[in-house]
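Pasting a structure below so you can have a look.
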Amino acid sequence: MKLLEYQAKQLLKEYHIPVPEGFVVKELSMLSQPVQHLGGKCVVKAQILAGGRGKAGGVRLAGTPKEAEEAAKALLGKPLETYQTAGKGETVHSLLVEEQLVFQKEIYFSITYDRETQTPVLMLSARGGVEIEETALEDPESIKKVRVNPLTGIQEHHIRELFLFLERGKEGYRSFTDLVTNLYRLYVERDAAMVEINPLVILSDDSFLALDAKMIIDDNALFRHEDLVKIRSVPDDELQEVHAREKGLSFVKMDGDVACMVNGAGLAMATMDMIKHYGMEPANFLDIGGSSNPQKVIEALDIIMRNPKIKVIFINVFGGITRCDDVANGFKKALSQRPIDRPIVMRLTGTNEKEGREILESIGYDAFSDLREAVIHLKEVYQRSQRGGM
Amino acid sequence: MKLLEYQAKQLLKEYHIPVPEGFVVKELSMLSQPVQHLGGKCVVKAQILAGGRGKAGGVRLAGTPKEAEEAAKALLGKPLETYQTAGKGETVHSLLVEEQLVFQKEIYFSITYDRETQTPVLMLSARGGVEIEETALEDPESIKKVRVNPLTGIQEHHIRELFLFLERGKEGYRSFTDLVTNLYRLYVERDAAMVEINPLVILSDDSFLALDAKMIIDDNALFRHEDLVKIRSVPDDELQEVHAREKGLSFVKMDGDVACMVNGAGLAMATMDMIKHYGMEPANFLDIGGSSNPQKVIEALDIIMRNPKIKVIFINVFGGITRCDDVANGFKKALSQRPIDRPIVMRLTGTNEKEGREILESIGYDAFSDLREAVIHLKEVYQRSQRGGM
Amino acid sequence: MGIFVNKETQVIVQGITGRDGSFHTKKMLEYGTKVVGGVTPFKGGMNVEGVPVFNTMSEAVSRTGADTSIIYIPPAFAAGSIIEAAEAGVRNIVCITEGIPVADMMMAAHFVRTRGVRLFGPNCPGIITPGETKIGIMPGHIFKKGAVGVISRSGTLTYEVVHTLSAAGLGQSTVIGIGGDPVIGTKFTDCLEAFEKDPATEAVVLIGEIGGSDEEMAAAFIKEHFSKPVTVFIAGKTAPDGKRMGHAGAIIQGGKGTAESKISLFREAGAAVVDLPVDIAEAVKAFF
Amino acid sequence: MGIFVNKETQVIVQGITGRDGSFHTKKMLEYGTKVVGGVTPFKGGMNVEGVPVFNTMSEAVSRTGADTSIIYIPPAFAAGSIIEAAEAGVRNIVCITEGIPVADMMMAAHFVRTRGVRLFGPNCPGIITPGETKIGIMPGHIFKKGAVGVISRSGTLTYEVVHTLSAAGLGQSTVIGIGGDPVIGTKFTDCLEAFEKDPATEAVVLIGEIGGSDEEMAAAFIKEHFSKPVTVFIAGKTAPDGKRMGHAGAIIQGGKGTAESKISLFREAGAAVVDLPVDIAEAVKAFF
């Protein structure tokens, strides 16, 4: 779960990490007071979840209240398109209006976890305000990584190692230590998968301040962070995925026109790969999971059918825990609730295969046993539908 | 550092651990309001650091305000003698006046650390209100110990194992879990060497409450608990030890009349053992430590001389880090500040022995090189002083 | 033979009275697995499918002498159960649970290693040595005793592959689902090391997917230390950047962990990489 | 020969620019110890007695290839320094610091064990293999190369004993101060195990004291596994119950850990127990 900048900064404040003075503005009418409070000069920042906001004009400096109003008008309620919004733009529902700050230097700092060593990793780069992936390509030497053993937690020498990398003498060390210690505590206590301060700025008194903040909470840990779940906002393009997850399904929309529905993530990926291999394009990833709940099949077909682009539907089930008859029953029920006007190719094998086939036959459907045969047939049906569509 | 009961309970409250409603009373005039608030019935508990208070009459039930006043009068400002106060009694400077509670059952619970496994150990016994050492002797089967790996911290299964030992079904499990979790957090965050809840009582609604509380803070960790240092109280018989520690000395008073002053704890113990072996009784343990500060020698002689009982003084220094000339200089300076009217036997060897001896000679003192010879001479001097004294 | 587990392995089921725990206890017993005990707090004294239930792992282990546990515990408590099992003294832990918080798993994974305990998963189907023991949730009937070792990050895709192997007459020595999470215990390289030493294993099938770098390490290991033929399939060639494909660990991040890069490393290491999972049996057959 | 450390051992001094650190760096160099580097944060680039100073342990280890560190760091930071050293990859850590909080040491002691790193101390004088290397604060001139291994919980008492041993012509193979704290790394039993295997060691002197149960375990170990003659002295026969005798670990608690009980266990185990530390040399001589 991603947090908006102002939400992340609220958490930073709770953990005593310095951030600029700022106000959240959700309506234009709320703007004047904060701007006045900040003395007319301010930064107006569009609050969206997608990255790349700065380059897309989502962060605007205002020297006067009038400029602030213009900036706010240009952003609030409008979609903001960045390189991460996949050509659609994300609507700006709120603004963060902050003081303008003067600083000596900007750097990059983040805490994520490193899959290889299975430890939290602190990452610092002398290049602040630049995407870390870009830095990694252009100037990997400027990045310092320090891994923290999860059994001992963060230690003074981890922080020292990062700070020494900045080559600044001792000035600001206390401030940096406090910031990193508190941020690590936040990372652990709030189950962050990632917290990124970019840029982290060094003020004239050598103290450190988080000028921007990005934060992702581990979805698996949301059960112990009800306060965060309450403030959750979902970007438009992830609504479907989040909705699917609530139903116990794993869904990712793709650009193709061949829908698929599979039990198991690995098999679902492999099924997409086979669709592609046989010259078609998958319309989605969809894993109905390992359990035997017919309702899931109904929900899954429902999600698939929301995509008007799809030409054919491929159902691939290898029964293990999932029982073929449960899938067939769900399918039958789904059809009874809503007719499906696209061709459906099915592959059904494994646990209770026979019972499943019987149910399918009773509603006039057939299924393959062999995956390759099924996909080859899918291809024929697809080509027929293409011709039919032309 | 030991905490008084009411201080420990204040910490328990901060960690959301249920304790009886209570008030601290330091003067008789402060008594009536709390007693009234508690409805006349209350428990009046003498606040001393020594154990064994209950059996010594330091905890009194009062059914009426009058009884409460009588109890308070009998305790406040008076010395309370328990089996731990070595025949002297500890003055009661404050009382804890608490509500009287009805409970189903009392048990014992503590968190200390286990030297052998080097882990915190949770200890529970079905016999509440009884000293754990006594239980350990009489009914070891009634004690359950669970060790917690310091790298992972407390886990639900540790708590479960303790709770199941009570054989109570599931009732009260939530309350017990909260209590143990919070107490463990307190133990870790406040660097407790020991926290003991005896008795821990189970109320009629199956919830757990700390009826009494004992707590010792790790002296080595006091630097990070300034708030606790501020409320420190020292029992009369430990005043000298605490005073010595502040001067960088390790001192323990004993009952004999042969004072000693040694560098190094092991050698100091061995020196006492030798004194005893040769038929004398050591008056103290005194380790001046490993550093070479002449001031320490002055402080050490000062502490020794506070004991009017001593007949002779034995100084035993094996120079390593400690330099013999530093010791001799300190000794010389101490003598110049105050004459010492007891015989002094010295053993000096190791680093800068020659320089040390020269300094001693300049003030008319001599020193042995060999420890055994020194102690044998000490014995002669001691016997002479005995005869002289008779 | 096979690796890690065999017919002597004695198993405790953690969460045995739950829906999944009791169902799979039955299935494992039917397969012949030595399930000697189960644990559900406050249900000690019951029995499930004739298997005694204990309140704690330490009790279960000391009473039964079990050396292995399998965990069907909800995600909020699963990492704690792993630590409990390790403290109780088992040598192997199979964690089926999906959805454990990453922070919990980092702690548990590091802790079991300090004890020298082997963890499989979490978010995995378990481990099976066909004809000997099944410690997991896989459908037992598709497996066949034989000489092919199989390691995979996925569940059903493994069944698919094993099914075609068995159909082609290629039995399996041991099949391990190492799990689809970003933080798991036993990795591909650990399994390869064991397969290398196992005389019953003559060839290995490795089923990887996008995300992480376990396949990259496996490829390096194969290149340097592995002498038996390896057939590889990597799922997720069509997966987009930045999206989790069902498994929490199946995500390409900033262009890292793509199927293409993994495939090319395996090719360099001398493994046979197939384009489709349905081609695996044929590719393996070439080695026999 | 001797155990754990020898003339090849390469040492980093943590806290080298401090008063004690720099003083003992000089003393160790004079003794012949291979001190190859030091660490003091923000003082990297300096040198102390010709030894280069680094900012961090990881830098110091990677630049020098040192396998051992010795710690002169104030108590508030010493446990962190132990963890830093272990993470940097040394094999042995000698911690001189006295007064480290118990909670910090429990964490550090467990952590170094997970890394297979050997810790001596804290609150110890260090370790010396006479004629080869001295990694500690002991006065080097009193030691003499020879066949007696010495292990002790105390500092000056060890010097006292070694002094009489050397005077009696009994040189030492290795002398180890294991530390006077309740939580220490290497224990008596670890040293006995190593002395048993060390051909250069023909007899052992063990100097224990009241408190804890390390002597009890040592006695059991001697009884079961130790073949060389052992001479024992236990300090603290006159110590009262419940009082710490200088060392944080030297405390009799509830009648446990007395000198008498330790002595009787050693006697049972077949060790020669002497009444006075000054009797040790004579007792040891009986074995030669």
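For this structure, a couple of remarks:
Labels for the chains are A, B, C and D, by order of writing; each one numbers its residues from 1.
Operating definition for what follows: a contact is a pair of C-beta atoms (placed from the backbone, for glycine too) under 8 Å apart; a residue touches a chain by one contact, two chains touch by 3 or more.
No experiment lies behind these values; they were computed from the predicted model shown.
Comparing chain pairs A-D and A-C, the larger number of C-beta contacts belongs to A-C.
In this assembly, the chain whose C-alpha centre lies farthest from subunit D is A. Subunit A and subunit B have CA centres that are 56 Å apart. Separation between the centroids of subunit A and subunit D, computed from CA atoms only, is 54 Å. With centres taken as mean Cα positions, subunit D sits 45 Å from subunit C. In this assembly, the C-alpha centroid of subunit A lies 28 Å from the C-alpha centroid of subunit C. Among all residues of subunit B, those that touch two or more other chains are 149, 151-152. Touching two or more other chains at once are residues 107, 111, 114 of subunit C. Residue ranges on subunit A touching subunit B, taken from their complex, read 151-152.
Interface residues of subunit B facing subunit C in the complex, by the touch rule stated above, are 149, 151-152, 155-157, 160-161, 164, 169-170, 173. Interface of subunit D with subunit A (complex): residues 41-42, 44, 55-58, 77, 80-81, 83-84, 87, 107, 111, 114.
Interface residues of subunit A, counted against subunit C in their complex, comprise 113, 115-116, 118-120, 133, 136, 149-151, 188, 191, 193, 218, 220-221, 223-224, 250, 252, 254, 262-270, 272-277, 282, 285, 287, 290, 318-322, 349-351, 370-372.
Residues 75-76, 99-107, 109-111, 114, 125, 137-139, 142, 152-160, 163, 180, 182-183, 207, 209-210, 212-213, 217, 233, 235-240, 243-250, 254-255, 259, 275-278 of subunit D are the ones that touch subunit B when the two sit in their complex.
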